[in-house]
């Protein structure tokens, strides 16, 4: 698998990609993702309220020929490292050069831009991989007159539910226009952010338990990893709120008034997600605080053991030392019960110390 | 009891609910609460300035037939897991599908939306259960022309005072329109947030005492729990301020100018509540700080005991050790009062050390 | 004395008061202060540029009869637990029910509301009591056409200077209208906030010294108390800035353009006070930080003493122990000057260790 | 010297001044500075593009008679504790009572107010005294039709450069109007804030070194002093940005469009200064953090020494103790090389421990 | 090399520069950079869609004579310490005195100002030097009707890519107007900020590893250095976002609508860079937190070793001490196997203690 994991390794990728980019003229379509060399494959779903057909294509020409005037078209491009392919296909649908540059720029910040004949958006699909890693996948959506173009990096995506609904005529999707499809895809992306929240929440809860039960150094490490993940996820999700809000206020003819009502719903969700992320951020900070306090506790405990052992036995050892001296004239040494008296004194000291520490709540 | 408690367990619920939802088409009315399977019961209160009647109904048909043109109607639906029931009833009163989806979505963020013929709001009622737990219960309110619809999860609610006032003709409620009833319900929800503030305040005060008197690890744990509760409560209460403010600025014909004056009062309260929460948040952070400082204090005390014991007895033990050596030629050993002189020296050292530590304020 | 002190006990009061309130209809005039049962007394000051008279009254009727058309009237109601009294008097001067509810609600957040015939404001007078406690007293002001109504809880207030100026014809107060009196009272309230700042500043300075000289646990406790007081005072003072600013922008005919110039001055002061509070907040946080760092220092010192004593005497004791062994064959024991050589070695070790610790700056 | 130093002692001054003020009517010109009793002296500079003259005056009458219609006039009043003097002079130039109150109120927050015939501003001149203390001096500027009035507390100021430029016909100052002089004085004040930044920067750098080299308690103390100074300086400088910005947007006829271009430059500087202060604030917080981490480091080092000494010698002492026992039957004691074998064992233990600690990187 | 490194030494430079400036009249063109005395050299690139020529010049006259009406001109001035040179050249192209002052003021905050005939901007070029230091170089850009003027301090810059594109007719640059060249230069500056982000990111990652593996004091030092660098870089980059946004909204005729589309792209990048810097800031704070927690961990480990050693051997030494006493009557001493029994007891104690510490997870 070559998915983008939220690990520090992706940064090295980013570096080299950036270097590849720096110096090129703006508007040069340059792939900056991580699946270099894989061919682009296109899946085309044509549908209207009565008909439905699915086509696969490996070339731009093959893809284009499936366009049909009376049907809405969802063109789903998987694999965007073939920059020429994306450029040709996009140009066919009327997308500009700067836009196509963003479509293949996997480092692009989420954005929605309106143009005269189309609306173009870039997002990060976030989902949990089979090996429980948080995966971020760049996806670009373009709403054109009679359809939606999707550019994604990998086979996996979060649109399976939308495909099902189109296929099964579920909900209203088959009776509505391309703007509803555009919304449905956005909605699927936003809905999946909730899954990421759950993933983060599960990690927080697990760490909470570990902090209380066994605050080792690895736990602190994991907390820091969590904090970093929350920061990164937040960075991708945070702009979405603003983008949706702008889309709702947009006066573009491409978006129907009815659809805006649904977009408002998605906006609500994205606000909720951002608030949750904020809470997770504060909770991860609390976790670190808790970790430090538990560390202090452990330390206190260690010191108490040392103090109790030393405070009890050092004076006793001193007494034993006194009667181990070799002075000619130590009268006590010659008392018949001297040894036993000393034992008595030592036991008394022991008991007094024990009571003292008990009173201090150290035992 | 199946109330929603502010514990981490609700999160697991949330997860599974969310999974149930993900993939469905937007606008599908899906119950996401925690009392699965319980039937919906409707209580209908019809009233005007002179008359007053209460009806119970178990089916939508039974509920609908109690509508009377000359009376205001408060339709109170308890139990919203029967999605069909809610959908039918809501549709009868003219509520849209997306709105009804929010009505049964117990995870919905507080919101107020205005539509042409009705105003719809979602809130969290917060109250303290009999076993002193903080309970959050989802409630949806819809203001329609001649009445108010309430959708709540459980029998318990915070509207008992409103019912009393309607029944006893107390205050102005019987002489006013449905918008006043809507306000009265909102006001009851907001007023009850003060009770939550008291609950939090009591916990803060209790923790303050515990921190000073016995800063054990459980106290740190409780402080963190408090911080989390403040965060969560704040999340539910924070939007209310904004929502009320928007309602006051609204130009909907459903809301009378007089009622806005009362809404302004509720807005004042919600601002005050938010400020208190902010203060509680800072106080809970101070608590943790105080806890850490008291831990440090304890540690200091432990270390002082160790240092005093060790500093006094280790040199004395050394002296005893010296005269325990077996050299053939140790002149002091043969002095008549050698033993007593050594004791004198040791007592002097002891006194000097004690004075030294006294001066350092360690004793 | 029954003044409201900034102690945690007021919270319990608040709780019971709130409970008393919850469930009543909005607009029910309910006293929520702390001097239950005390009768209301009214002091009426009538004045114009030439004449001046003071009247006392115990009943609403007695108070009302002192109204004179050609004179400005300052009606000062002390003791607001008699809700009926306040309601009757207020209604006579044209104040609404919701407004009178706020007048007796001692928990009311500072506010200024404009109505057609009057302007109504609620504030907290803050002053230092004789036993050096910070006292907060609820006060409500209503500016009506020909005078000002004041509702306060206790005899003590911050208006003595205003009374003097009216009596002595000092400044411009006798030649101006009721809006200037209203401003003069506001100004007196705001000016007294400076006294509170001094009180807080004095505490901060005292704590600073204590932190450096004797960082005991009580100091940390006092710092936390200070932080809480700053938070609470800030909560009462913070809204005043905004309120004055709105009053200056108001288009009410009750407030003269000249008076607004003075209000701008009061606004300046309230901004300055808020900035000072912000600085005090940061300084109290620094205090805690300083306390923790001094605690660490003390700890370091304690540990150094222990380490020095142990590091010097443990090796020496070991050497003494070696020559206390009872082996048949220990050649050194039989050397003539063995004992003295060992002493020499031990003194050398002592000196080396002392130099080592000196170099490390531990002595 | 009686300059205002940024020390805690000024606060006591402030207190008594404030008390002196509280209770007086607004608009009463009351000096609140620290050079009580010093007489006011006036320096008058008359100039136009061709002529230039300097006059000194000790009385208002003497000052006024130097006014000349064809020349711009800079009236510089040093010493503002003689309130009558300031009031008379100010009134002559048309300044209002509230404005003159601010002119002598040395605690006044920075402000710029526009009136019909003049523009009035209050600032704090900040400069470094000869004994390297940060000095804040209150200064009030009034731009009138044909000149500028300056009210300052002390002889020292930051306007020497402006005087030179007027005298030497340097730059454009002689050819421009009074608004340019007003700007030039503002610019001198703002430019001197850079000197304060340098002073703070030098202290930060010195503290950084001290923190790394010798983190004693005094360093923590100095860091806290620095933090307090940054807070206070920021409080005086922060409003300047806003004030200049408002002045640029002002429509007063007193300020020429050309001069606004220069004001924009001063605004740029004040923004830069505020950003630097923000950075200094964060750096002073980092300093404290660094101090704490170095303290921890020292502690770690102390503990390591103790642990190493104790861990090595306590077991060895135990072995010596074993062979110091007086049992009749201890076979080892009678071995010929028993003593040497025990030495061998002890040296081995010593070496093993040393290697262990070496491996742990503690040595 | 005399590049400006992000070290504390530049501050001393700044100080003296500032002193040089203070007191001069505003609008005096004063160089404030670090390459005092170096002569200015000018490189002139003339181009249009068909032609391209490069000229070098050492004097203003030589530079001016290369101006050609039908070609766009990029005038690149390297070395700005010769203030007269800059002033003459700038004046020739119509730039004002205040603008030229900013052009040579290397401490100038980033800004873009629009004038009637030109647009002027100041930025900091950030790049990584060959010895891996972060270098900040002041650059000023002026967009005039038929070209762009660049004023930079050093030979090195970030414009090499732009020169290549002009030379090789790459992209659209040869076919567009001077505003596109202006954009291309801005874009090159912003693109290079990504390189700085990578540099910071690499340092963060390296420090993360060091913190986990070897948290010495130098690491804390490096973290603080990183924090300071992030603060400083942020200060230079932060205003760029706002400036570009204002440029896009500008109504200047100098900037074409098409070019604004490209500027929007650069704006996107600058937003992204600011967000990254914000994340780096939080990550550097986390690093310090992690460092402190690892320090605590180390301390805990040290204390455990001490506690285990002391707790085991002090009681054993005590027992040995007891049987080293010289009482006449100690029965155990005369038991045949007394010595061995005591060994047994001591071994038992040892085992019990070991099990105890094992259970506590300290071993």
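Per-chain residue numbering starts at 1, and chain names A, B, C, D and E are given in the order in which the chains are listed.
Note that a contact is a pair of C-beta atoms (placed from the backbone, for glycine too) under 8 Å apart; a residue touches a chain by one contact, two chains touch by 3 or more.
For clarity, every value in this text was computed on a predicted model and none was experimentally measured.
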Contacts shared by chain B with chain D include exactly C
When chain B meets its copy chain C, do both sides use mostly the same residue numbers (more than half shared) or mostly different ones? different
Only C-alpha atoms count here: how many degrees separate chain A from chain E in terms of the superposing rotation, rounded to the nearest 5? 70
Just the number, please: Cα centre separation of chain B and chain E in whole Å. 43
What's the distance between the Cα centroids of chain A and chain B, rounded to whole Å? 27
Multi-chain touching residues of chain B, meaning two or more other chains, are 292, 296, 299, 303, 306, 310, 314, 317, 321, 324-326, 330
Classify the inter-chain contact topology: is it line, ring, star, complete, or other? ring
From chain A, heading first to chain B, what order do the chains fall in as you go round? A, B, C, D, E
Partner chain E, residues of chain D touching it in the complex: 160-161, 164-165, 170-173, 184, 187, 191-192, 194-195, 198, 201, 205, 208, 212, 261-262, 265-266, 268, 271-272, 275, 279, 282-283, 286, 289-290, 292-294, 296-297, 299-300, 303-304, 306-307, 310-311, 314-315, 317-318, 321-322, 324-330, 361-362
Which of the residues in chain E come into contact with chain D in the complex? 8, 11, 14-15, 18, 21-28, 98, 108-109, 111, 214, 217, 220-221, 224, 227-228, 231-232, 235, 288, 291-292, 295-296, 298-299, 302-303, 305-306, 309-310, 313-314, 316-317, 320-321, 323-326, 330, 332-339, 342
